[in-house]
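Written out below as structure tokens is the structure these notes cover.
The chains carry the letters A, B, C and D, assigned in the order they are written, with residues numbered from 1 in each.
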Amino acid sequence: MDHLALLERIMSEVGPEIGRGRLADYIPALAQVDPRKFGFAVADLDGRVVGVGDWEEPFSLQSVAKVFGLALVVARDGERIWERVGREPSGNPFNSLVQLEHEHGIPRNPFINAGALVVTDRLLTLTGDARGALRTFLREESGNDEVDFDAVVASSEAEHGARNAALAYFMASHDNMDNPVQTVLEHYFWQSSLTMSCRDLALAGLFLACHGLRADGSRVLSSSDAKRINAIMLTCGTYDAAGEFAYRVGLPGKSGVGGGILAVMPGRGTLSVWSPGLDSRGNSVAGVAALDRFSTLTGWSVF
Amino acid sequence: MDHLALLERIMSEVGPEIGRGRLADYIPALAQVDPRKFGFAVADLDGRVVGVGDWEEPFSLQSVAKVFGLALVVARDGERIWERVGREPSGNPFNSLVQLEHEHGIPRNPFINAGALVVTDRLLTLTGDARGALRTFLREESGNDEVDFDAVVASSEAEHGARNAALAYFMASHDNMDNPVQTVLEHYFWQSSLTMSCRDLALAGLFLACHGLRADGSRVLSSSDAKRINAIMLTCGTYDAAGEFAYRVGLPGKSGVGGGILAVMPGRGTLSVWSPGLDSRGNSVAGVAALDRFSTLTGWSVF
Amino acid sequence: MDHLALLERIMSEVGPEIGRGRLADYIPALAQVDPRKFGFAVADLDGRVVGVGDWEEPFSLQSVAKVFGLALVVARDGERIWERVGREPSGNPFNSLVQLEHEHGIPRNPFINAGALVVTDRLLTLTGDARGALRTFLREESGNDEVDFDAVVASSEAEHGARNAALAYFMASHDNMDNPVQTVLEHYFWQSSLTMSCRDLALAGLFLACHGLRADGSRVLSSSDAKRINAIMLTCGTYDAAGEFAYRVGLPGKSGVGGGILAVMPGRGTLSVWSPGLDSRGNSVAGVAALDRFSTLTGWSVF
Amino acid sequence: MDHLALLERIMSEVGPEIGRGRLADYIPALAQVDPRKFGFAVADLDGRVVGVGDWEEPFSLQSVAKVFGLALVVARDGERIWERVGREPSGNPFNSLVQLEHEHGIPRNPFINAGALVVTDRLLTLTGDARGALRTFLREESGNDEVDFDAVVASSEAEHGARNAALAYFMASHDNMDNPVQTVLEHYFWQSSLTMSCRDLALAGLFLACHGLRADGSRVLSSSDAKRINAIMLTCGTYDAAGEFAYRVGLPGKSGVGGGILAVMPGRGTLSVWSPGLDSRGNSVAGVAALDRFSTLTGWSVF
């Protein structure tokens, strides 16, 4: 069965899941999204992409952006970031302070909020404009110059961002922030507000499926760095449900509370899915179900 | 033996402890205090005060100020503060975030930093000027109009106050801050910078020993509120060494990282001691030793 | 007003509280007690005791026994027990493993279950028969040779004692058990099953109110050891509600899930109360209310 | 390069790592193993196996046995075990009680000790002889009837097993043990004492690399169950270093404190390595280094 037919079948099968779960209501701008949205796309290593449903409609990347921020920092700075952030699953909610206190301000991994704040801080130091660098990167990788921030979401995040401020100040108290806390927070909130469609996202992630190369053969990351980012996505990419995601889907993936998920099948391609209803751990209900079905029907699984 | 002779004997006995411990070096301005300082004063219910050593030299109140901030809020606002802060010993360091997270932004008691931030926030709402109200209160109770802030200490605290900022933002994320976080922090840092001598401190605390009354018979607090603040001092007043302090000294007490301690013997009087060297829990080494001796020699103990 | 009239007035006032709360249903034998029971007694330093309600009916001491086990060990062994158990409030439920793990098998205080297991282990080493020694002690102090174990409760505790077994094995893994774990557990369960009336209990605790002396002038403990046990009762005696109890009642106290509470007014006397309905922290609802009223009406408070 | 030449090269390259780290000295019988031991084997899907060093010498499986216990339970009982144990990385040491308490006696995953105790309990219920069933299984899969328990190690584990007893009793207190705690513990300790060589282990694990099939085509597990066990190995198989292992090695793996590691390359084969010196997380220092080199040199990685 070709991919398009397959995506259509899956969209039909997971229909009952679409609209289930709850929206990320702690960010008012996200709480107004239509919960019936569903988009699903697959891209192969040659850069061909097909999709179904709302796959060409932009949505808020939220934490999905973290994987690209990490890739940018690793590409420019190599292994140095690992002195300031770990690589282990956290076993705790994404915005927990408990573990951060036990571990003296070193976040467990780059995909929990505290870790992503450290990555943002480093990207700010490396580029002078973390949010701008990330937008440019996503535009280039997706080939879509329309990729942009959503100012309403960004300011909504800032207004409701006291928890992230607490995390950032706590790390500052452990000397794990190089730039002023309020500046890092601002870049972090803007990054999270980036909007892309499933089409854009599947294309933008292709270098992770292709050993660090783009479809045109140019290199984003070394092969081993691409593998390593995939490893971190698999163990840490879906909040405290990474074990469950690995068990059901079997692919490296990164989710966001906007309802988007990027999944990577090394050597084959990428999948991106979007549906706003979230489960109790913050992952898209219909999105995980769709990836689960895709993995089962195609055998795409790293295991 | 009269009190003055007793204080002289104790100062002599605890001599070897003076200078032991470490200064509160996380606040640069405090790290420069002479570690050989030692002052000790006792006041009786009639407002007579005697002292030895450096008992008339002002020192930085730090957390000792928290007991007066709490008294001001309780005096004006009654029991309402207990909706926003608990009354239980924390069992954790004074600036811990762990418990605050488990308990959804409600600090365990008003003497850990998080709890004192809530009290400051409330005092700000009640008075419009939390730091000013506290200075006025301490001037009145001590009868010394020279009691004042130390601007160097206050700005030093602000510069090194990322941990307190983390606590305050975390509570804001749980809707337990009414005023803007940065404003509350500013008042909090200024309050901690208040300086008083042992003489001033022993006099200022007399209302707690006298069922809420001043030496002149006017009332600060109801009798039951005074008892309750003493109860909280006993169970929570000396960081995570409250059990040890109750075991050794047997009096309600409140310590600060400036090396000061106020202790209360209900119906008898107050003790204040200052010596900058701190033990691992942040209490004055020579100060606790002096109070321990006083309690043993006089039988002043609530037990 | 004399004490008897006062107790009668209080029993009437707290009537609406009697029967409120829930029984300790995790121990089947305790779940069958009549929830309407209420007894209240007061003893003075001369050994005179009066009481109201069910004050002469034996009830299950449960954790109230811990204060007598501790007194026995301190009387025989001095300060050595403090190498194996702390003296700080725990800030956690009485049977929590979390803190025990963080602190490497040293329980926070002798009144949480883990700490009482250590005290039992030590008493077993010192006497060869921990449970027997405790029964003898309580018979002597109360002057009642009928004080005894309740075999049904003891075996019920053993059957439902997996949590306590976990605590004991955990401490054994940290070399903080000298005797075989199963033996210590057996003595612990039997001790908890001791039954006494309010009358017996008020008399048995008098030495704590009287600086370590019995009414006849003979000595149980040194004066300073009696003060110290009172201090530990105040900071740690009522599970994770010690702060609340100090705030409301203002007396050293030790409660048990059988619904009993012993409270001590140093230099004045003892209070004992029993009513089986427990609040969410495991303290008797009507019992705490009665002590609160007594404290308010008489001024008995250490603060 | 053929596999044998490759293994020889790697053994030479990791020579400096052999003997580094510390032995598992909390089990006396393991502390006497020669720290210079090093064995390394690779098996392909056809059941061909080659090895170097001490690859034919039996060593103590310890936690490596857990993956086979889980496979047996899943093979007989399907998904039911997941009602009693989770599938998420723990983020805590393998024998931690903290998380178990927060999560009410449901272990985070089947490879931490608490989870393996639940699996053993279930295997005991299913077979009547958990340790015997596991020995039979390993003999069949390895084709070596000499695979057996080490009675000295088993009794050494039992003697030093207080922590595991604490875990088991704690789960019993949450009704998550069906059999008597002491019986489950005995089977658990015997299982951990099973000894196999690298040759045996590589062969015994082949069904995990081959979608649940043996080399002769007979089936141990369904294809999806094999994938799922691999997923759990990747996210949870190397104690609290699973993220690091995924990052460096990129293969599902299960380690034991005997110094052994089994790694699986789905669709290609298995690797087994043994060297007793452990890093701070309990994984073989030379073993991880050897797998890291193999992965780099061959491209065997799921990412």
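The rule is simple: a residue touches a chain if its C-beta (ideal position, glycine included) is under 8 Å from a C-beta of that chain, and two chains touch if they have at least 3 such contacts.
Chain-to-protein mapping (UniProt): A, B, C, D = Glutaminase.
Every value quoted in this text rests on a predicted model; they were computed, and no experiment measured them.
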| item | value |
| --- | --- |
| Any chain that touches subunit D and subunit C | none |
| Copies subunit A and subunit D touch via same or different residues, half shared test | same |
| Subunit A on subunit B, rotation in degrees - Cα superposition, rounded to nearest 5 | 180 |
| Distance from the mean Cα position of subunit B to that of subunit A, given in whole angstrom | 47 |
| Distance from the mean Cα position of subunit C to that of subunit A, given in whole angstrom | 55 |
| For subunit B paired with subunit C, centre-to-centre distance based on mean C-alpha positions, whole Å | 32 |
| Two or more partner chains touched - positions in subunit A | none |
| All pairs of touching chains, each written as two labels joined by a dash | A-B, A-D, B-C, C-D |
| Subunit B contact footprint on subunit C (complex, rising order) | 86-92, 99, 108-109, 224, 226-228, 230-232, 234-236, 240-244, 246-247, 250, 252, 266, 296, 301-303 |
| Touching residues on subunit C, where the partner in the complex is subunit D | 96-98, 100-102, 162-163, 165-170, 172-173, 181 |
